[in-house]
Amino acid sequence: MLAASVVVFAGAVGLLVVAYLRRGVRGLPFFGERESVPEGMVLVFGIGVPLVALVALFGVSDVYLVKQTSPPNPSTTAMTINVIGHQYWWEMRYPGTPVITANELHMPVDTRVNIVATSADVIHSFWVPALNRKIDMVPGRRNRVLLYANQPGEYRGQCSQFCGMQHAHMAMIVFAQRPAQYRAWLANEERSAMTPTTAAARAGERDFMNDQCASCHYIAGTPAQGFIGPALTHLADRTTLGANEIPNRPAWLAAWIRNPQAIKPGVRMPDLGLGDNAIGQLVAYLDGLH
Amino acid sequence: MAINVTPQGQQHVERLERVWTERPGLVGWLTTTNHKRIGILYFFASLAFFGAGGVEALLIRTQLIGPNGHVLSPAAYDEVFTMHGITMIFLFVIPMTTGAFGNYLLPLMIGARDMAFPRLNALSFWVFLGSGLFLYVALLQGHAPNSGWFDYVPLASKEFDPGNNIDFYGYGLIFNGIASTMTVINFIVTIFKLRAPGMSLNRMPLFCFAFLAVAFALLFALPSLSIACLFLELDRQLGFHFYDVAQGGDPLLWQNLFWIFGHPEVYIIILPAFGIATSIIPAFSHRRMVFFPLVALAEILVAFLGFGVWVHHMFTVGFSSLTYVYFAAASLIITIPSAIQIFAWIATILTGTPVFRTPMLFIVGFIVYFIIGGLSGITVAAIPFDQQVHDSYYIVAHFHFVIFGAAVFPILGGMYFWFPKVTGRMYDERVGKISFWLTFIGTFVTFFPMHIVGILGMPRRNYTYPPGLGWSLLNFIESIGAYLLAVGLVLIVANLVVSRFRGAPAGRNPMEGDTLEWSTTSPPPPYNYAVIPTVTSPYPMWEPQDREADDARLDRGEGVLPEGHQTPATTVQDAQLDEILAMPPHSAWPPLLALMITGVFAMLLMHHYWIAVGFGAVCGMTLLAWHRHGVEA
Amino acid sequence: MSPPPSDRMVWFAVLGGAVAWTIQFVINLGFTFAQCDQPIQRWALPVHGWEIGLSVVAAAVTVAAAAASLRIFLRTYRLDHVAEVEREGRGEAPPLGRINFLAMIGLTVNFLTLMIVVLTAIGAPLLPVCQQA
Amino acid sequence: MTGSGASERVHGSDAPAPRSAAAQVAAASVAARRRSQPNGWWGMALFLCSEVTLFGTLIGTYFYLDFDAHAWPPAGVKAPSVVLPLVGTACLLTTSLPMALAARAARHGRRANVIALVSGAMIVQGLYLALQILLFRHDLRDFRPQATAYGSIYFTLLAAHHAHVLLGILLELAVLWQVATKGLTNYWLIGVRATALYWHVVNVLAVFVVLTQLSPTL
């Protein structure tokens, strides 16, 4: 496609250059002023050639290739992952397991993964450029797309349909892992949340369950059953916070809890106005959720 | 109009001067129904909006000049990029082309003395101005629309956008649509009925074909947008459920309705550019367009096929591939009319003896950029490729090459081309050429890197981006290009402003133009032509015997129509003389009615529905008065 | 040219193909939306069958319009090379010039709309009816 | 005929220049000699093109939502009753005849006939509108536009058409008033023709609207 474009462009510009060089002279080189020649040119380059090229392009891309890029029948894929778009983060659910996580999608390499993309609020678009095309996440539709990685590694994905103020910070990381690592990760994720060990962490858990936190967040095996915000069951195992916005370290986590709006203006999580002590305890608790 | 006026001819001219004298001063401009004055009003209004949209563009580029920029807050950025889109499309390109160029030139080119409905013409300007101010009041209040010019629901629904930002959008676009609908009805009737006797369809200048196509496209595209906005406001204000999936609505309904309008819109934006190009190229190439009928056809056909391609804006929403094929087929074939035009232009320049003065340079730049934009357009008609680059900066690059490179360049070229006709003075050629190269290079530097950054995965409409993704340098280059471009545009305006006062006198036809407007004085008199011109070809200025015939007829006082504001009406296909129309002179009703309509929308916005109904009733009464004091013919 | 073709004939020659494609397009679209855009299948439509039928009809109408414009074109062309005058944009006197002009437009329009009709007809049956793209 | 030939006749006798404003005879003679439709007629025709597109969009939306739905009309809403809407529409259709005759009478300068025919048509149209408003309010008691998408499009579609009927009646009132006071001047002669055209289109639209409205039952 690129080559053809370059040829067409070069040809057209070339003709313009010729026109400039012969600006003093009527008619064409060799052909002179016969009107039929430029008219033939219009017919050939204006209708004939494009028609052939376009029909070819149509056959190849819109009939043949479309079949390749359309999502395959789920029965032919090894596994399915449901991805639900939220303003401004991603929820991942692994059917057949209790696993609910956010913003970091783990999948095995060399495996055809069937992504089912839906939305909890506005229209988002699921796009991991390195792994496949994009698919919109439209309320009320269950769109599907195939994800396939032949190299282990981290692949960046980002929402590509304008979804509000923090559209720019709605990113995710896809971890394509060797099957063994993936199984280990999944096994860990399937466990309920760790019970806190230190006193600070226990205090943090209490605050979490009593404050507003529990009404929006989900932590498996605890009273926290909210799904407004990301699930935190194994928060400590994630590498970033706020949909790939900041690194997942205690200092950053504290800053985030202190005032999320300062880090990510427009994010749904409110400024809870907690004291340093309470924040410290919450961080201690959340940071223990491996 | 006669080239050399004899004493006998002079007395007829003086009679016309008496009949067509215009009111002086501000009142004259407020109550004018003269298509040239209205065109000039359109020009300055849309130029002002162009400035606003340009500033918004510079803000965007400044924000994105480096990673994690914080010139604008996220909220402000959303409003700015939304208003940039709305402004450039609804408040600049359309009013500048149809409003300014069309209004001023169309009646001149077809040898008429005014538009078919002069007062309606004035009304559509004042309504357009009202809608533009309506939208900008929103920005000044800090409540500008903020979910993109495409305004997808549910993001634009009350639940996720509770302020009145979106209401400004919904009402504003319906409001603006009223103005456009009135304009295009006026255009079509003018082209159908007011062509000078003898100007049958096959003798109509290509400029007029382009504007006829635009008018029809707008006429059939706008209702879809108005309905979409009506549904949106019903949902937001009265709790209807058109777009609410929970109650059986469908957010994709908005996308369908919006793009049924939105894609024809793209061609509505580009077609006037074709028209301007097809009038500049022959003039500077000193020959007729190659294959006239095919070029005329291409202009019409683009507008028609444009209605069959809208879903290619929705290739990623998950419709069935079968549905997509219908649109892919049309989306590919629609490139052929454009190809026909491009090669007709090139062949004309090639076989003619082109002179590359400033307007011509802009047209050459237009051809180059239109090819780039067209080629990237073909690539996104390939569904799998589009599904990769959709909503990335690749698309931004594509449509800016089409809309800025291909639609605005001819507008700029046209400004230079017709400047002498409108002002009677020449622009500065040297500064003109410099301004061209600045804009040309600026455009390329601004928009070409966007292809790459898009393929690298940068999505559109992000108020910022993280470092380390390979996007930063390219964005920096783009921003520099944008500033360069701005300088070029300012230079154009400066050139025209200075030339307006210092320029050398232009004479009737400094551009060796081929259409009728060049036969009258610069600037043209209020009645355009002392005699209704003789037309026997689409290039009247290249038929000297016809122009001599005009002189002779002026001497005999034949076809002068001096009693009252008169212009002949002809049959639709073959332009045989049918009747003599008396045109209404100046009228105060249009601005008044526009004011009332503005009242209606303002009250709707403030939820004073009964007051809005009251304003509506007043509009009705104004219309009655309008028709009671209508001219009688 | 005796007698000149009726305006009705001329305008059929110009618009026939366009109208045919429009109808094919709208009905096809209605079918896929009806068939595919609903959570539960309320009816099973023979989409492919309809498509082929429609395409045949649309193509036939388009060809007829093309034939009409060709006939008009030739009839006007024979008379002192009107077509040449028109091609060069010299504007032969109406109605003859205008009719020839429209005939040339009709030829191209019908050719291109026929292409769209055919592409749709070829592409559509090769794809599954409700496969999400 | 060639262009120059045409414009030589710009002052020729067959090109009727307007005489004094309210001269009905002149108006009628202009109308009689006209070879193509006047500007006013074209203006109305094009306006109606945009109105037809508008209704096309509304009807398209109706079926788009229909195709989306589990059940249409949704559970709890009974399918619309057929008889009254159809009868009403049939009556409305008949008014195309008097309007067409009125346009013809106007072209021949028969002022009295115009007034009689238009008023006659207007009475039927008024009755139709009254009936439709009753039905509309009755429907509102059964289900509300705020309830479901079905209600939203149902009432929007009908309201849009009723609004057009009302507008048509207002047009007729204006025309009657002007023709009665000022006579069949050229300006208002064209006004009558434009109004007639408006009504023909509104009547045809009525058929499509009512068929859409009743589609769940039919």
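As written, the chain order gives the labels A, B, C and D, with residue 1 at the start of each chain.
What we mean here is this: contacts are C-beta pairs under 8 Å (C-beta built on N, C-alpha and C of every residue); 3 or more make two chains touch, one makes a residue touch a chain.
These numbers come from a predicted model, not from an experiment.
Student: Taking each chain's centre as the average of its Cα atoms, which is closest to the average over all protein Cα atoms shown?
Tutor: If one averages C-alpha positions chain by chain, the most central is B.
Student: Measuring centre to centre with CA averages, how many angstrom lie between chain A and chain B?
Tutor: From the centre of chain A to the centre of chain B is 37 Å.
Student: Indicate the whole-number Å distance between the mean C-alpha point of chain A and the mean C-alpha point of chain D.
Tutor: Measuring from centre to centre gives 52 Å for this pair.
Student: Would you kindly tell me how far, in whole Å, the mean C-alpha position of chain D lies from that of chain C?
Tutor: Computed from C-alpha means, the inter-chain centre distance equals 31 Å.
Student: Distance from the CA centroid of chain A to that of chain C, rounded to the nearest Å?
Tutor: Once rounded, the distance between the two centres reads 43 Å.
Student: Identify all positions of chain C at which a residue touches two or more other chains, and write them in rising order.
Tutor: Residues 33, 37, 87-88, 93-94, 108, 115, 119, 123, 127, 131-133 of chain C touch two or more partner chains.
Student: By the touch rule stated above, which residues of chain B touch at least two different other chains?
Tutor: Residues 203, 250, 291, 294, 318, 321, 324-325, 328-329, 332-333, 336, 383, 387, 536, 574-575 of chain B each touch two or more of the other chains.
Student: Going through chain A residue by residue, note those that touch at least 2 other chains and give them in order.
Tutor: Residues 35, 39, 47, 51, 55, 58, 62-63, 66-67, 69-70, 143-144 of chain A touch two or more partner chains.
Student: Among all the chains shown, which pairs meet the touch rule set out at the top?
Tutor: Every pair of chains meeting the touch criterion: A-B, A-C, B-C, B-D, C-D.
Student: Can you tell me which positions in chain C touch chain D when the two form their complex?
Tutor: My answer: residues 30, 33-34, 37-40, 93-94.
Student: Quick one: in the complex, what on chain B touches chain D?
Tutor: Against chain D, chain B makes touches at 116-117, 120, 181, 184-186, 188-189, 192-193, 196-199, 203, 219-220, 222-224, 226-227, 230-231, 234-235, 238-242, 244, 247-250, 253, 256-257, 260, 531-536, 546, 549, 553, 558-559, 561, 563-564, 566, 568-572, 574-582, 620, 624, 627-628, 630-633.
Student: What residues of chain A sit close enough to touch chain B in their complex?
Tutor: Per the stated touch rule, the residues are 1, 5, 8-9, 12-13, 15-16, 18-20, 22-28, 33, 35, 37-39, 41-43, 45-47, 50-51, 54-55, 57-58, 61-63, 65-70, 87, 121-123, 125, 127, 129-130, 133-136, 138-141, 143-144, 156, 158-168, 265-266.
Student: Which residues of chain A touch chain C in their complex?
Tutor: 35, 39, 47, 51, 55, 58-59, 62-63, 66-67, 69-71, 143-144
Student: If you look only at chain B, which of its residues touch chain C in the complex?
Tutor: 200-203, 288-289, 291-294, 296-297, 300-301, 304-305, 308, 315, 318-326, 328-330, 332-333, 336-337, 383, 387, 536-539, 573-575
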